[in-house]
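Below: one structure, written as structure tokens.
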Amino acid sequence: MTGLETKLRALRDGGRKLVVPYLMAATTPGWTEYLLAAEAGGADAIEVGIPFSDPSMDGVVIQRAGELALGRGANPFGILAELRGISLGIPMLVMTYYNLFYRAGLDRMAGMLAEAGVEGVILPDLPLEEAGPWIEAASPGIATVQLISPITEGERLARVVAASEGFVYGVGLMGITGERLKLAETATGVARRIKAVSDKVVCVGVGVSSPEQAAEVVAAGSDGVVVGSALVRRVLEGARPQVIEEFVGGLRSAVDRG
Amino acid sequence: MTGLETKLRALRDGGRKLVVPYLMAATTPGWTEYLLAAEAGGADAIEVGIPFSDPSMDGVVIQRAGELALGRGANPFGILAELRGISLGIPMLVMTYYNLFYRAGLDRMAGMLAEAGVEGVILPDLPLEEAGPWIEAASPGIATVQLISPITEGERLARVVAASEGFVYGVGLMGITGERLKLAETATGVARRIKAVSDKVVCVGVGVSSPEQAAEVVAAGSDGVVVGSALVRRVLEGARPQVIEEFVGGLRSAVDRG
Amino acid sequence: MSVMGHPDPTGRFGEFGGRFVPEPLMPAVIELERTFEEAWADPAFRDEYHRILREYAGRPTPLYHARRLSESLGVDLWLKREDLAHTGSHKINNVIGQALLAQRLGKTRLIAETGAGQHGVATATAAALFGLECQVFMGEVDVKRQALNVFRMQLLGAEVVPVSSGSRTLKDAVNEAMRNWVSCLETSHYCIGSVMGPHPYPYIVREFQRVVGEEASIQFEAATGKSPEWVVACVGGGSNAAGTFAGFVDSSARLVGVEPEGGAAIGRGVVGVVHGMESMFLQDEFGQVEEAQSISAGLDYPGVGPEHAHLAAIGRASYESVSDAEVLDAVRILARSEGIIPALESAHAVAWVIRERERFGDGDSVLVTLSGRGDKDAETIANATGAGL
Amino acid sequence: MSVMGHPDPTGRFGEFGGRFVPEPLMPAVIELERTFEEAWADPAFRDEYHRILREYAGRPTPLYHARRLSESLGVDLWLKREDLAHTGSHKINNVIGQALLAQRLGKTRLIAETGAGQHGVATATAAALFGLECQVFMGEVDVKRQALNVFRMQLLGAEVVPVSSGSRTLKDAVNEAMRNWVSCLETSHYCIGSVMGPHPYPYIVREFQRVVGEEASIQFEAATGKSPEWVVACVGGGSNAAGTFAGFVDSSARLVGVEPEGGAAIGRGVVGVVHGMESMFLQDEFGQVEEAQSISAGLDYPGVGPEHAHLAAIGRASYESVSDAEVLDAVRILARSEGIIPALESAHAVAWVIRERERFGDGDSVLVTLSGRGDKDAETIANATGAGL
């Protein structure tokens, strides 16, 4: 069991619903303030996006944030160096695409992530079948979170869930990141299906954008939610860290109310 | 022997070199004045062009004159009516394309030409092989002039020359109507070759544009010259009849000097 | 003389045809006639012609059973796919033949008229293939509406000469080509693009296009075991129709040529003599040739090949017409139901089948020659449908 | 595993390939793999596929001996004429196969990415032919430079979606197509246009393009009694090259893939994982994918199919590159000497042969796959050569 899993299980087992905000790195000079703000708002862990040139699973908001960051000259090493410089009381995960790790070298990247205090990674384009070399380089220091989609089923569902480290990421809908006016039906089903095969911590993300939607997801049995585009959009609109803190706070109280 | 041939032979046999100007009909309201002017300048016969939509053997000058005439609403019947109204002391020929005759009906056209006092026709797109029906309709009142080109040879040369009525039209060059700076070599050869097989009257046209060129052609053995574009260009440039008379006069003296 | 056999010694199909050329051109057309007769009787020449069509031009072109369109129309429809021939239309068949003749005649230069530009492109292509010079005459109006083809001709090394006389379309390009030809007979072959002009052209071009109908007839028989009841092709000058009909004239098929409403030389024309041939032409009461009006540059011609006038006169083929609007509809329908964008010219034949679909008997098969592809027409179609490009 | 045989169970050709797709797509690619394996082993499927290629798409395409160009280059040059295939390139072979798969999968909609628009046109065509809906993703830059193809797709009933993210060319169109696909897996098949993407696509597309090489090999042998010493094809994603090479990989022919200088994924790229595959990509030191720069939209891609990375790694094929200027020269040279206007993509292969002509041994034959025709590129060529259009 990775350190990340231990921490999140403890929270979950203590009855707490998990709020996991996603923020794109390097969108503004003081972007790390957003991480601190998210923590202050009541986040239980935080996902930091490292921008990639070809974010094929992201919607326009996160695409645009990534382009902004890249346009500002961001690179993975610089971002990790900045993460090393801040001190958060909650676990940090990195979310990005596999090529950045591949290019850096897997062992080297694992080392750099660990040094930066990152405890887990989410690589949407690295399915379990291809994850072997990376997991070998990352374990056990860094948890590799697996995704379960609304149509992952049967033997495969059990296998991927079993392999997931840190927590299990339930993808809320068949689609890419981005806010939706209404929660997809699939977002409530996916957690239930994961729960049926495992007692791992489950967080549902993609298409979870508002406190109401977050509450709905946990009410349906998920241990927590991942919220990204709703936050990133605010950052793109020039929101101060305070706004992020308040929005995360809103998620916090919504899931706490249950 | 047609009437036209009798007249031209008489002139030729009297030692006169023939000057045959070509003028496009209906280019201006008073266009028949140009015919009278040509006569006054010393023409021995005159060719009147009836405009056709697709003058495939004509250069730009005569094309443009034809378009001008058609644009003014000219039609073959109207033109022939106007010709009937003028009195020239020299023979008139009509030069045009066969479709206008075909469309009018051959007998009807022959009758209208005769009524208008036209004694001969030149139809460049009606070769001897196809001329039978027309000649039948036109003979003997109207002479059908045949063309001989620089490359008409042997048996064909003899046959076409023999069939030509009125006179034999020697085409001065391999090409379409239009002024040339220099007389083509072929213009001097063609008359000689026709003379070698017949004693018919020979006039050379196409590419004969100036008094000097006219003189060269008759010096080489032709009985006369046909000059078109050089005159029509002057008409298009707005020349008064006087100018046409003078230009024809110039041709007259040039061929007379020999 | 059998129907669609050899023309008579004066170059006539029944009453139509002949050789109305100025005396300076006479030796050239006589020489061409003799050379063609010899060549066409020479197995080596035919072999070479068919070899090039096969290895270079992509023959045989498929005969395609248009199942989805058949179903939606309730007509058993087959398409002879000249759109797949090299350069994009049947025009290549004729120019390969004529370029071989030019070579045999010792000529070093091809001249051609073009409307849609397909014949110009084909001629420029054959010129490049045989290492000949090439000059293409094209009405100014057509130069504008077929810009893609103008560029293709230039890229192929041909000179495109815009013609600004008359209606500035195909008929004037013919005039200009003839004017040019007479001045360079020694070096140049005039490569006429359809079954028109003075004898022997209508005959030569039909023979070089005969491959379309002969292939189609064999292919249809192989696929169905029978002959089609209807054979349909668009008619500009009429070469794709003549080539197609030649393969079926001895069968019981009903032959239908489709003209554009604004250029229906058989439908609305009268007999005359223009461009060297006695045939049907749109003309006024005085014999002045009228301008055709068609959305397709390749059918924008006021005359028709003499053999078609003859087939119409003896009732062996019928000639019908369709409107520009029907043609545009046909383009869209064929594109959407079969994934084939036809040339506007070819779409005339399809449009007629669509309009007349009630007319075909149960079990009748309709074979349509799709003379070319529509890439060249994208801009015209876009403008006509308000799509812009 | 024989060279160019079946990929290994992880979808790898040697070290390259694999299946790097997000979990939501995993069931779809697994289902596609299974369906393809079944279909490809099913004679009825293969018959249907080959029947459509024959009756509809114009196969076999000719193998043409380019005599005049051979003579002027001093190289015995043969061209496999994919430019004569329906829609104007080899892309039709693949989409016909994939549309049949989509049908077998019960899908009612095709989505596709496109660069030059040839794959988009081919997909729109297959969609029309099979009565499927169709949406094509195309970079904004390409929408502009391939306007003719955009119009063709629309006329065929497809929706063209301009992609404004990233470099606004092919790679971004791929991203957008994948984004779309994940949201409509149930109804839609993603019809990838080259030997790229996650397993089984590189394998499927190569198999559907194998017909190019197999035909060419039989045709060359029939014409000459031997095998060519050199086999050359342009490489974007690499489908025409893969299909061609598949027909010759077991012969002694030297296989050459030609990339654009500004998009030489094998020549200047490094190994990475993008678009679902482990292969070679142009990328910076951090792993950000770089924009390719090529005059030809169809080769303007910073990656390459994994099997090519493998063929390069084991030395069975070599990959070379040519400049835009060399490509434009090659277009002109081929047009003027053979009457064939190649696609800018295809002209890369010709350009390499022209540049390297001294390198071929006496008596060597060079077979080049001419993957497509150049009509779509008229405007680009005109602008590049200052001719205007």
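Order as written gives the chain letters A, B, C and D; numbering starts at 1 within each chain.
Everything that follows uses one rule, which is that contacts are C-beta pairs under 8 Å (C-beta built on N, C-alpha and C of every residue); 3 or more make two chains touch, one makes a residue touch a chain.
Only a predicted model underlies this, so the values are computations on that prediction, with no experimental measurement involved.
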| item | value |
| --- | --- |
| Steps needed, at minimum, to go from chain B to chain D via contacts | 2 |
| If a chain touches chain C and chain D alike, it appears here | none |
| Geometric centre distance via CA averages, chain C-chain A, whole Å | 66 |
| Where chain A and chain D are represented by their mean Cα positions, the distance between them in whole Å | 37 |
| Whole-Å gap between the CA centroids of chain A and chain B | 96 |
| Chain-level touch network, classified as line, ring, star, complete or other | line |
| Touching pairs - complete list by chain label | A-D, B-C, C-D |
| Of all residues in chain B, those that touch chain C in their complex | 52-60, 63, 67, 70, 75-77, 98-104, 124-127, 129-130, 146-153, 156, 160, 171, 174-176 |
| Chain D partner contacts - residues on chain C that touch it in the complex | 54-56, 58, 61-65, 68, 81, 83-86, 88, 124-129, 131, 147-148, 151-152, 154-157, 331-332, 335-341, 374-376, 378, 381-382, 387, 389 |
| Chain B-touching residues of chain C, taken from the complex the two chains share | 10, 18-24, 26-27, 165-166, 171-172, 174-175, 178-179, 182-183, 185, 270-276, 278, 281, 283, 285-290 |
